[in-house]
Structures are given as C-alpha cells and as structure tokens.
Amino acid sequence: MTRTGPGTPMGELFRQYWIPALLAEELPEDDCPPVRVKLLSERMIAFRDSAGRYGLIDEFCAHRGASLWFGRNEEGGLRCPYHGWKYDVTGEAVEIPSEPENSTFCAHVKLTSYPLVKIGDVLWTYMGAPEKQPPLPEFEFSLVPPEQTYTSKRWQECNWLQAFEGGIDSSHVSFLHSGGLKSDPLFKGTKGNEYNMGDLKPYFEVADFEGGLFVGARRNAEEDSYYWRITPWVMPCFTMVPPRGDHPVHGHFWIPIDDENCWAYSFDYHPVRALTAAEVQAMREGHGVHSDNIPGTYRPKANKDNDYLIDREAQKRGDTYSGVKGIAMQDASLQESMGPIVDRTKEMLVSADSGIIKARQKLKRAAEALRDKGITPPGVDPAHHRVRSAAVVLPRDASFIEACREDLSVREGVRQSSV
Amino acid sequence: MTRTGPGTPMGELFRQYWIPALLAEELPEDDCPPVRVKLLSERMIAFRDSAGRYGLIDEFCAHRGASLWFGRNEEGGLRCPYHGWKYDVTGEAVEIPSEPENSTFCAHVKLTSYPLVKIGDVLWTYMGAPEKQPPLPEFEFSLVPPEQTYTSKRWQECNWLQAFEGGIDSSHVSFLHSGGLKSDPLFKGTKGNEYNMGDLKPYFEVADFEGGLFVGARRNAEEDSYYWRITPWVMPCFTMVPPRGDHPVHGHFWIPIDDENCWAYSFDYHPVRALTAAEVQAMREGHGVHSDNIPGTYRPKANKDNDYLIDREAQKRGDTYSGVKGIAMQDASLQESMGPIVDRTKEMLVSADSGIIKARQKLKRAAEALRDKGITPPGVDPAHHRVRSAAVVLPRDASFIEACREDLSVREGVRQSSV
Amino acid sequence: MTRTGPGTPMGELFRQYWIPALLAEELPEDDCPPVRVKLLSERMIAFRDSAGRYGLIDEFCAHRGASLWFGRNEEGGLRCPYHGWKYDVTGEAVEIPSEPENSTFCAHVKLTSYPLVKIGDVLWTYMGAPEKQPPLPEFEFSLVPPEQTYTSKRWQECNWLQAFEGGIDSSHVSFLHSGGLKSDPLFKGTKGNEYNMGDLKPYFEVADFEGGLFVGARRNAEEDSYYWRITPWVMPCFTMVPPRGDHPVHGHFWIPIDDENCWAYSFDYHPVRALTAAEVQAMREGHGVHSDNIPGTYRPKANKDNDYLIDREAQKRGDTYSGVKGIAMQDASLQESMGPIVDRTKEMLVSADSGIIKARQKLKRAAEALRDKGITPPGVDPAHHRVRSAAVVLPRDASFIEACREDLSVREGVRQSSV
C-alpha cells in the first residue's frame, strides 16, 4: 500500500485521480524557469510557456537524455540546450534543428506528458490513461475567491501513508498539539478546544460515504451533549481538519514523491469571508498547519537533520508537548521518526485507530477492484469532493452522520459548522 | 566474526556480557532528556526516570512506531508524545490514555528492554536472555574512587574488530605513536619509553588465561634483562595498555554500534592515587588515549571527512609519525582507512601479530562453543575482570607469565607494576 | 561498454593503453605527500620518491590493509605509519621492521603496481599485463615545449562514455556553446565561428583511420565552398576540438575513475608558438575547455550540488545558452544531468550522431577482438597518436578525408590548419 511507482496497485490507484503537482507560485509567469517535479516516483519537468499554457513532461530529452531542467523556455516551448530539440507543453517535439528541412522525424518524437491545470493556488495533474481522465477536481478550498484561501507545501521525508494516517487521527491532538490549542493564533481560543482538552478518551465512529470516510471523534461536552469532531477523507489522500470557532478551516493532501518522501500540501480557507491580514501573516510564518520553510525551498527549517530544533525546556514546561515547535512539524517529526516506511507488522492498533484501520481497508479494496475489475475508485467523481469537516455539539443520543449530513456538505454562502 | 546483529554467532557472544552502553554523563539527572543508543545493531532509548532509575528500551513506541527520543520523561516514565503512551524503565506500558478506564490492554504492552546499571562513569547493559544474566562487571577502573578514574568515548567509523585488534597490537606503538611517546603529557618521560624506542623488533609471547589472553611484548632492556609490556585482553573486547611510570593506566572497550561503526571507550585510572588536575585537563583536551570531540557529540574533530586534519609538515619533521595528531586519532585514522570492514582475506599476518591471531581463534571458538553447546564464554565471570596490564623489567631467562602473576592481578592498595 | 573495472571487456580494453593517471603538478617534488588515485575502479596511491622516481601502487598496505595515503614518503620509499612497512615505487616491500634480522619474508611482499611516467604535464600509467606494455604515448600536446602547452583536469560525476560522446559531438556547439563562440577569449573572433553559427544543420561524415575515427562536420561556407570541422578520436578516449583561427588547439581525455565518475583532462597547445600570458591566464580562470575548480581540489566550483550556479537571466538574454557559465561546465552539467550512467535504451540517435554511433561500434568490436582473439586494439601504437584536428574551407566537391590528409597529421614546425 506504500508503493506508488508505475505498475504498482497503489500507484495505479493514484493515477486515477487529479492530484496536486505543484503550487501555482512555482510557475509565476509565462516563460519562467522550468521546475523539477517528482510524483509517484516519476521524474518530470513542469513549465509554463509563452502563451501561459502549463505542461508536465518527462524530465529527460528524447534525444540523448539530458535533463530539460536546463532547458530554455522560449517561444512556445521548452528547448533542450544540448542540441536544441524543442518540446511543447504536451511533450511533442516541435523543432529538431539538426534534422534536414524536409525531415518528418520530428513529428514522431513525443515525451510522456500529463495535463497540468491551475485551480486556485494549485497546479493539478492527472497521470493516468488519457481515455479515463475524469472531470477537474472541485474541492471547496480551491474554488473560493483567492482572498479566502491560502495553500502552502512542505517536503516530508517519509512514505505518504504514514503522513496521511496522521491526518485522520484525531486522537493525537489532545496530546501532541495540546500546546498549540492554547497558543497557536490559528487554533486557539474556542469552546471546542476546552471540550478537546477536557476529555482525553474520545470515542471513535467511522462512517462510509461514496468518496471515502467520515471519521467522528466524540468527546464529552455538557451533561447531556457530546462534542463531535468530524474529519472527512476523500480518497486517496485529501483530509480536512475539523474547524475551530471562526478560524479558517484547514486540510491536507499527502502526495507521494517516491516511496520514501511525500509532499504535505496544507491549505486554510474560509467559506464565506476573506482571510484577515493577521491570519495570512500567521500562515506565512508557519503557524497552524503550515511550516516555516528554508527560503527558496519547500523544506522546513526544522527538519530531521537538526532534530527539528527540539527544545527540551519547552517540552518540560509543556509549552510544546514534544518540544518541537509548530503543529505541522510536531506531526512531521514523529511521522518521519518512524523511518522512511514504517514496519506495520510491529504496530499495535487500538480502538482510537479505527479511522486508520477503515481507511487502509478501503484503499486496499479500491486498489484491488481497480486492478481486477477496472472499477473506478471512490473520490474520482468531483461530486465526492464537495465535503466539509465539522465540529458540532449534539445531543447524546444523536447519530453524527445523520445529524450532520448538511454540515458535512459544501453549502455556498454558508459558513462551516464549528464550535 | 565482524557481524554482531541479533542472531549472528558473534552477536550472541556479545549478548552474554555486560557491556558499556553509554557514559553516565549522558543521563546527568532525573527526568533528563532521553538518549538514542544503538548497540549490536539494535536501536534503543536510554533514560533516567524521576526516581533515578535507568532504563534501556526499544526506540520505537509499540503503538505506531514513533521514536521515543521525542518522548516526555516525566513522573516515573517516558511518554510518547504522539498519543501519550507511557513506559517505565523496564519497557512496560504504564498508561495508554485513549483506552477506556476499565481496559486491561495496557498490561499486555511491553517494549523490549535491557537492564542499565551505573558503575563508575559508565552505564552498563546486558542484552542477552534474562535467565542467563551474569553478575555485574568488576573492572578495576570502574570500581576505584571517582577521583582516581576518567572515562571518555568516541565514535569510530569502522567495524569493532579492526579497532579492537589495534588494542592488542603492541608492535605499532614504536612507529605510529613514536611522537606521542616523546611529547604526550600522559605518556612521556619514562624509562620504559626508552626501551620501547630502542628496540623496534619486539618478540611476542601470548599466554592464555581463563578470561582471555595476556599478550607479552619483549624488548631488550639492559645487558641481562628484557623489558616486557603485557596487555591483557578480557573477552570479548576489554583491553588495557601496559602502564608507563607513574602515569595513570589506560585501556579500552570496543563496542559494536553496528557492523560498520563502534564506540571506543577509553579510560584512565590510577589504582592508588587521585588523578591530578593537570592529568584530567590533558584527558579532557584529548591527550593520551582520549580524543578531542566536536562539542555536544562524541565524534572527534579530526575525522575521516577532513582527513583527520593531517599535517604533512609535522609528519616530515617526525613530531607525529603519520601527521595525525593524538594517539587515539592516529589509531582511528588508520583503522578507518582500511574501510568499514577490512577484507581479511588480503592481509599478511606476521609473528608480531600473534596476539591478534590467538584472539581471533579464541573468539571463534567461544562463539562456536556457545552456539553449539551453550557454553558460557570466558570473560563473563567477574573474577576474570580483575586483571591489570604491566610493564616490567625481567631477567632474560624469566617467563613473563610466571614472573608477573601478581603484577597482572588487581591488588587493592598496591600500585601498578610499571617502568 | 560503460563498465571498466578489472575483468570487464571494456576494462580490459582500457588496460591496453597508456592513460593519464594524474597531473604532474600533483606530485611537485621529491618525497612530497602521496596522492590517492582511483582509475578503472582500482584504488591506488601515486608517489614520487627521494630520487624523483614515480610510482603507482595499491592503496592498501599488504600487512593489515591500512591506507598508504597516510604513509611517510622518505628515503626511497613510502612507509606505512601503522607498523613501518616500507615500499618502493614498484610496490616491492623494502623494509619490514618487526621481522627478525635474518628474515626473508620481506622479499616476498609486493603490492600491485603500475608504471608512472611523466610526459609533458601529465603522469601516464599503463595498467595492463607487463609483457604487453606498449611504447610511450606520443600525443603532440605532451611533446611540444612546455611554454606551448597547458593541461588541467576536472572531476566529472558521470560515466566516462557519456562524457566522451560529447567530445566527438560537433553538432551541439552551435547551440550549447553559441554564447562561448561570441565571448570566450579562447574561442571568439574567427571566421570559422561565423560559418558555425550560420549553419545549424551540419552534415556529418565519419572516416576510419588505423587509430580511431575522423568525424567531419560540414557546414556551408561561401557559395562554392564548405566549412569542415574535423575531430579526431584516438582510441579509447582521446579527442581534439577542431581549431579556431590562431587560438591554441584544445582536446580531452575522458578517463574512467569508476563506473559513475571520470576525469576530464583538458589541454590547450599551440604547435608552433608559446602560449601568451593572457591565454594561460584565461585557462587558469576556467575559460575555454578548462574549469574553475574549488581550490585544492579538481572539483569545479559550479557543480551538481549547486545546480552549476545556473543564471536564468543570462540564459534568457542568451549570454549563455543554457544559463551555465563556461564551455566545460555547459557540457558537464548536461552530461551529468543524464544520471551517473545514462539509459541508452531510451535515446533516439539521429544523423548528427553518426560519430557517436561509429565510435560505439568501434569500441565494441575492439573489445570483442581483444577478448576473443587477443588482438591489440587501435590507438595502442604511438604512431596513431600523431594526429591533429583541423578546421578548413574546401571546395564543395572535395572529400575531406582526402583533401586533409596532411592537415590531420602532426607536422613539426607547421601550424594547425585552421580558419
């Protein structure tokens, strides 16, 4: 389940979906420098041509194999600087200067390429068979007006699955992020946080839906009520954190780079209002689900080479539960500490891990159904994308999945359901 | 013989002994930060709990595999910061917060653990079967009063065996360390050194004893006498340098980290007097058998990444025979230069290597006897630890092993036999 | 064809030739420090003894395997600092101090060694069977007076073959090096360059000769004439760039270090005049075919760890076609970008690659003829070395190989044929 290279069952599953390939900011203008992109163990080059078209093509020139990262992005194509072969955004060779005038050779040269489409702050790609290309994704965070949304990314040095599993694991918040609940400008100061910290033994209930799962974590609220935090998972790797008061809502994609690295895409958006300048500033500084990256890169300043700048005094005082600063890096540090690909034969799952257990089953079943019967997996249909997380107080006898049907759907002009 | 991971014959042999796991200074107070320890290819965490008890447990949480190095050391145990699972020094889970109040699950969760005991400046562990755990070690350097002893350690980037073999190889001293004999504050200025430098063709004689070997190197002294330097080896990897005048006596343990790295533990002690301030200062600065480490680490400042700061001018002048500064780094540089695990099919052993030859035979035989018949190997019994090195002048017709029986034993209140 | 370790067919082929082992400047005086040399995947030590004799011997002492790089170079030999074993330039042990006076052991100890001979600025070795050792090489650049020649080297982080193939690939010059043709002090300002840039579709003709190939690239010159640039390749890896006006002539050797690294030896010489101070200065600064190396090393300052200091603005302006500065690094960056050993099953060779195609065939045939029938390959005979490159304008109906027979031969006192 951890392997996503070409030809692997999980790799084929991932190749059914539109997935984030890079941030739009990485290709800021026409004819700007090309960017190396590695996804699902394939090495590619993304570029934006003179007409603003985006392309994602094989990294290596068809001629002798030089990297097109050194290419000249000019006049409608990317030109290999070795012998001047030039490709358009679809990977087709459009000029081979050394060939005779009347040669038809050029028409037969084509690099592997994938579509690259800007929606919101993200450039999305689809790496599967062209004839099965689904409609474009419709996640709310990428469709709201630009001033209502913010997306960042960071390199995480472990397999995508152990990163993703953190995203649907609501029970660790009361421990690992307990400091953040009190102090993070994008998390703090809500009634829900009080419920969260007041009950360290949440009860988990997981409900299926056509695109994935809703993972409900139930904690005691008042005498006659429960506080429910509901995390949607849209297959294969989209998750949303349950909201907190009127804070922007955040979520993640966990995109395999190769089997030992992934991109954590982290977004924040508000369904009905612009983000405030203070909120955007906090996101840029690496608060909330975002990270403070080394300038010019997407690697966090706190990383495994420097033990995540752990501060044992802050750990002792409880300012940060683990001594690592920032919610994103608290997760990343522990997930990376498991090793590049954790040995799951040694784990001991408990009732609080029921979301993880169900998600693995669903991924496995979907990959097998695709491989054996060609069945399109859940989450491909854009209708499956129009979900929300929710944090609500319900009567003790209510079923979260019935009571929250509306709360868990995108409703235009209506704010998130949040306590 | 170079492999010491779980299940290997030499690994099983090592698991019969108490061995140094870390320096006591690495866990300086109750509830201090835990420390990563890798020994015999096993990754573990050492910590000291609120009551001052020491523990050495599996590095990874039983739940999801997060590293307990990020753990919170508090109130009698080490708590995983991911979901709050807490372990005591024996590796037993003492709290699993997400479990229901009445759950008995916690009682069944236990991490692999080994005893960790402070004797002198060292924390010792025994990684074998609990039912075969021998009595604690009784090496003199760790039993004398604290002011009489000093221990350091350094990371050596090669297999333990080629490091150890340097420790019983008395013949290289007249070459590699000839500069040190003249200038090192912890070596210089003895009559013995004159004998050492005056005869570059020592004759070797190796004598068995119940715990290992005594390697005697005989050099001409006066007309009618020989200068004998006698190095004891207690199995599997304890060696002592023959003493020099009234200098403190030094020795080593060579402890496998994994098959390509080892710890060189280096001690200096005097059986009957306190170390002087000048001696301790010299040890701290990396003189004698000690090394000058990168602050906050146990890696020498002079290491293979910087060619051990070799000084070709000093080499040419003869200040340092190889151009590398410091006795410890002279050894380390050459032993590491052989490669992580030297190819012993290519070596050409000579008569001066008889100690090495006998030691290898003894290790091989002991590992086989253990594997095939369960025989407890030499050196496990603490009685075997009570040996000393010696440097003596004997009549030409004397047998060193008979003449020095007392000199080679620990005698309380009696100083080392040293010229 | 990419593998050159001991026992491989291409490795055996390389072992028929004298090849550059290091620059003479690396062993600047008698008894200077020894130098690590890795060639054809063999690790060796080069040194120059007290009498000025050069030696190339196995890196590791025959005794215990310590690296002789730490050796003391003194009194006619290199002494291992571990136990004092001493070797002469032929690898024979000349002293083993620990052995008894009357021992004959020393006479039987010999390290693998190869001859090392200074010709011009280069120290050459021959790593094959002694009985087949050919006469010394006679390349013109190494035989002209010292003031007429200059040689540098740089580490290239890819297989030798993809580096070499760039050396006989005249068609990339009009693209990758188009900036250099205009601005490089060692390339610019010739009539030939105008022809070069005026015709981007050169026609290639490849002619066999007893020592290798002549690769002719034909471009339009005037109405009735062609501009021919002719690159000789002497097997296995000597190439010369066609000359430009009265600039010094340059060329290369591509010498395998191991299968993923090679040395690019780059020379410049003028057959009939001294190099000017300005020319030598430009070479030292890394212009022309030379590189600007990290002081004390032969690694270029612009290398794959820093993306060759690519300057996208300079690329956009066209100052440098690929954005990488310097002709040598333009080649190196692209050749290294193909990966350590490019996957040749994926390439698409075109008519402009006919030199590369023929060269591969010739290498393959020669390696097979050697392996199967013991046939001495082309390029071993020093007579094959006495070739020149040429850049000439010929009538449109002339055959370059017939018209240039004299231009392509070394003619003492006659300058290169160059436009």
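When the chains are written out, they are named A, B and C in that same order, and each has its own residue count from 1.
As a working rule, a contact is a pair of C-beta atoms (placed from the backbone, for glycine too) under 8 Å apart; a residue touches a chain by one contact, two chains touch by 3 or more.
Bear in mind that the values here come from a model prediction, so they are computed numbers and not experimental data.
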Residue numbers at the chain B-chain C contact, same meaning over half shared and different meaning under half, come out as different
To bring the C-alpha trace of chain A onto its twin chain C, one rotates it, in degrees rounded to the nearest 5, by 120
Cα centre of chain B to Cα centre of chain C, whole Å, reads 49
In chain C, the residues touching two or more other chains are none
Listed in rising order, chain A residues that touch chain B in their complex are 162, 165, 171-172, 174-176, 200-202, 310, 312, 315-316, 321-324, 330, 333-335, 337-339, 342-343, 346-353
Per the touch rule above, chain C residues touching chain B in the complex are 31, 33, 60, 62-67, 69-70, 72, 74, 81-84, 96-101, 105, 109
